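Per-chain residue numbering starts at 1, and chain names A, B, C and D are given in the order in which the chains are listed.
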Amino acid sequence: MIYFNCDYNEGAHEKVMQRLMETNREQTIGYGCDDYCEKARKLIREKCQAPEADVHFLVGGTQTNATVIAAALRTHQGVIAAQSGHINVHETGAIEADGHKVLALPSEDGKITAEQVEKCYVTHVSDGAFEHMVQPKMVYISQPTELGTQYTLAELEALSAVCRRNHLFLFVDGARLGYGLMAADNDVTMADLARLTDVFYIGGTKVGALFGEAVVISNPYLKEDFRYVMKQKGGMLAKGRLLGIQFLALFESDLYLEIAAHADKMADQIREVLYQKQIPFLVENSTNQIFAILPDEILDKLSEKYCFSYQERIDETHSAVRICTSWATEKESVDELCKDLAEIS
Amino acid sequence: MIYFNCDYNEGAHEKVMQRLMETNREQTIGYGCDDYCEKARKLIREKCQAPEADVHFLVGGTQTNATVIAAALRTHQGVIAAQSGHINVHETGAIEADGHKVLALPSEDGKITAEQVEKCYVTHVSDGAFEHMVQPKMVYISQPTELGTQYTLAELEALSAVCRRNHLFLFVDGARLGYGLMAADNDVTMADLARLTDVFYIGGTKVGALFGEAVVISNPYLKEDFRYVMKQKGGMLAKGRLLGIQFLALFESDLYLEIAAHADKMADQIREVLYQKQIPFLVENSTNQIFAILPDEILDKLSEKYCFSYQERIDETHSAVRICTSWATEKESVDELCKDLAEIS
Amino acid sequence: MIYFNCDYNEGAHEKVMQRLMETNREQTIGYGCDDYCEKARKLIREKCQAPEADVHFLVGGTQTNATVIAAALRTHQGVIAAQSGHINVHETGAIEADGHKVLALPSEDGKITAEQVEKCYVTHVSDGAFEHMVQPKMVYISQPTELGTQYTLAELEALSAVCRRNHLFLFVDGARLGYGLMAADNDVTMADLARLTDVFYIGGTKVGALFGEAVVISNPYLKEDFRYVMKQKGGMLAKGRLLGIQFLALFESDLYLEIAAHADKMADQIREVLYQKQIPFLVENSTNQIFAILPDEILDKLSEKYCFSYQERIDETHSAVRICTSWATEKESVDELCKDLAEIS
Amino acid sequence: MIYFNCDYNEGAHEKVMQRLMETNREQTIGYGCDDYCEKARKLIREKCQAPEADVHFLVGGTQTNATVIAAALRTHQGVIAAQSGHINVHETGAIEADGHKVLALPSEDGKITAEQVEKCYVTHVSDGAFEHMVQPKMVYISQPTELGTQYTLAELEALSAVCRRNHLFLFVDGARLGYGLMAADNDVTMADLARLTDVFYIGGTKVGALFGEAVVISNPYLKEDFRYVMKQKGGMLAKGRLLGIQFLALFESDLYLEIAAHADKMADQIREVLYQKQIPFLVENSTNQIFAILPDEILDKLSEKYCFSYQERIDETHSAVRICTSWATEKESVDELCKDLAEIS
């Protein structure tokens, strides 16, 4: 069985593992205060052109989202997100468990617009019933989104502007950021994210690390006491250096971007065959996730050999599936899949 | 200015006030353990034909909703409600503040169907991604709804059945219950509610009391430790007897129903004029709230004399407003309003 | 049976009831935005010599404590209190339910000192393990305390100074404030409280009102969005005027202080007899609560006629009980109790 | 600098790292549902002689404590612990952040007794003021404790009995369990823990793993929906196999116990020298943590070469420090420290 169902089926990139092995018996202090973490922070600040930013390392995505949002919001404040947003659907209510309503906006492609945000804000705070409704205080988006789509620089700038005008924090979930940065039609850089957001994170778990996400905080208000919240939410790893070492391995060269580019290229190869076969897509994108609509009988056949992620039923005889590549996807596997797809009649 | 904007503009019915005065200097024990509360509980159990039910008195609606839901749900469980439901919109995230996601279903008329509930349940627990999504565990509806509409007995029975089949608690918010029970087309009794729900409440604040809601719990699981949660949420009134005395005044005769019937009748009189003038409604109903769509210029004129509640903009020249009657609405005020409405050209 | 067990056995002072009756059928807007509330706020600001203070009305003590603390603290911050403090013992974990640790300090008489606070603060933030421990951010005291004792002006000033030096909010729970203000040895005024604290409240439930507490906020940071938190915690009464009207009745004359003085005088009369009989006290104080240590056999006898509140076992044959007077305590009842106490052999 | 300050200064045991390297490029499904996790679970069940137990893997200690407690308690229930317990002091209020009060009992040596638990329970639920106080529902202890002491089998049995009699869950934090199991005077086995507790965990982070704790649940009530709570608290690792593989490496042979025995032996060697030099201890124990009281001037000298953990000031010229060994402690380092300690005059 070849797995194309998600981007966390394997361990870590060999260079990451090697660094962990090399440093394994060194003694360092704990909780992310060691030199490896410091070096990794410095590198990330440089890549982001954000010398003033705070950088923190957490273990996984749900934890990171919950920690950032808990650190940012007071008890009566909510976070605006796309209805399909990870925090709204697939985190078992982690945000609500911390006391915050997710104000979900409709979205076909996983993205929300500056106009939607403005309207949601106005509805909640300007209709004369202020304190009877949750106060929107943050906007959460993913880059790329759950559906593999991306915000353009212009869209990000518009979102950033509406947030700043209305005192909303802009938070970007970058669990798959690498795959977004290296996508064919991307025009957003890490420096843009640092400049336009209040806080965002660079995903490691899905892009070459064993685990780990690097939170980059630009807004001074969000910096205060962030480590308290990390600790309280169980997000302060005793051997914090494990995170620093991994991000060091990914960022001391261009490894992070190179392996992400590989995944996108592998996805493009699959996409190309699907185009040729005139297979429709649930949503078009250019990152490492492909949402293809296939006849059930063909899916049954393919599933003897490949594992995809079931997305949703389209009609009586068709379903949408997610075909996912990653830093670890092997060319041979993709060639084989492409060959089998090309033979679809 | 005559207020038709809501149903809590005045104090309490005279008989309620009289009972509070009569008992004012009596000494009783606190926290709802006095004889007045006991008597009121007994009366309510009788009216509900629910001799086994637990009855608790709380001060207001948001508090009651938050307390019942906190008492019922574990940390990863959510509550299904209409998108327009009070807990989803107008309680400043009180349910989320206690850690529970509100799973909002679309609704035009404030009601949700058994089919919608079933589908929501299945989506959350049966797609192979169980623990990544909130577990639905309760269904919250209002009778009447925020839009003054009502569930028929058949609809309630269908909801109850789908809830019992899927181990979901059914909770009915009866903040305006009296106005529902006495509405022209109602076929639901308090006994039906006690029989078909796990927990519901009888609203006093909006129906003749100074304040107070009576929670009726049928499901034994929900009875356990309920007073702990009341106390913790600040819902255990020191002078608990104030609630018992008020409900005693409302239920030792048919006062509760009589004054609710008055409000419905007053609303019917207004509705009649609107029908005659072929004024459209945002939603049709037969309880004490009327959602009329009126030209802005007429609204401007009426607002010199009457206070309505602004609901929403319909188009460039029309708005929907809520016209609300209550137990305290005076016939003279309604006659005057009807006369003015009849003169709309 | 004559009740001396607590100070909330009766309804409200007649002048309060009268005002509620007079205004009963008036129409006002809801949620504390009516003119009665505005007038009451103005009076309270004047009594406190705090023209800039925000004043909010809530229904009960637990709710008030939970709301103030939730509004003040972020998720990783805790509140310092005496081990015997109401929030630490008798609120069913309401503060923890909102996510905040109560940092309890030992206390014999219900009071804590500036030195204790300083030491607790230093232990938590200055030992190089900052973020692994809760960050103290508020000090909670009661005036009078749970044991009827009082802070002197000098003690309050010392506490206020240590709080301001360390950026801790000082919050005074005044559930029984009237009884403290009028106690024989008191040297603290409401103006002192407004000046020295960040927030405090004036208790109505136990001092002449049916229910209600008036929160006085001096610190601008705590003013922001307070009504949001009130609403979310279920503390925003629909008919908010009920609170305004009651506080108006209590403060438009010196009624609040006069009825409190009566309770203290009644307690003094009982205390006098106990002194004469050389009955020891669990703790000495001069407010409306008396903590007397009596032989069990005498308590058994007295309990045929009087209801006290059992406090704790002292030794095999003695117990401490709380004897409580209030604004409603009748002179005849006290005379009778004193006579019976005088006959103890 | 040689670090004796804690037991998480290094990476993981070589055999653990080797297993991670070997399996690195394998494709498995996520979230702990892979075969490695299954095998590790099976092994742990066998070692615990608990074929019915559920086993879950989490990343770190704070997260594990918070998740277990959140899964076990309802909103008004609290957890009894020693005042020095990790959840009470060093988790930044994580338990309170989830809404639960820690009911702290005094303890000199980090342990609490069955008698203390019984008394605390009775105080909270049997004094006629039930619902005004938190309801104790769980007892939390550590084996070994924060102070390196251990419960004997008899003590554990007494605690278990008092818990079962009063419907309290017994939860044992085994962050350092290996060091306890292999200590010279230990008479408790993993099977005893599985038999006597409702839930306990086997610490990996401090005993040979890169990170990871294995939760063993015996009580069926606590098994239900545990994975939901894990996910919600950010404790469900995407690449869950990383945890399974590590525990497999530790438990497929006796590696876990062997490396723990090494740490205890290293500690015994240091202890022996301290005994000879008649250095007093803050508390006596036989596990991998030593709490020695040393003159400040000697500590200053030692700290040029060694890093200890500062515990507390004893008097003007003496301090207690924690000297910690681990699975990774090298014999040469201990020999050197012992030599230096032996030369103390």
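One rule holds in what follows: a contact is a pair of C-beta atoms (placed from the backbone, for glycine too) under 8 Å apart; a residue touches a chain by one contact, two chains touch by 3 or more.
Because the structure is predicted, anything quoted here is derived from the model rather than measured.
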At the interface of chain B with chain D, does the proportion of residue numbers present on both copies reach over half, so same, or stay under half, so different?
same
If chain centres are mean C-alpha positions, then the most distant from chain B is chain D
CA centroids of chain A and chain D: separation to the nearest Å works out as 34
Rounded to the nearest Å, the gap separating the Cα centres of chain A and chain C is 50
Centre to centre, by mean C-alpha position, how many angstrom separate chain A and chain B?
42
Please set out, as single numbers or ranges, the residues of chain A touching at least two other chains.
75-76, 91-93, 97-99, 131-132, 135, 228, 231-232, 236
Enumerate the contact residues on chain C facing chain A in the complex.
70-71, 74-76, 98-99, 130-132, 135, 225, 227-232, 236
Taking the complex as given, what residues does chain A use to touch chain D?
1-3, 5-6, 8-12, 14, 17, 20-21, 23-30, 59-64, 66-67, 91-94, 97, 205-206, 210-211, 228, 231-239, 242, 328
Contacts from chain B onto chain A in the complex sit at residues 75-76, 78, 89-93, 95-102, 104, 128-129, 131-135, 310
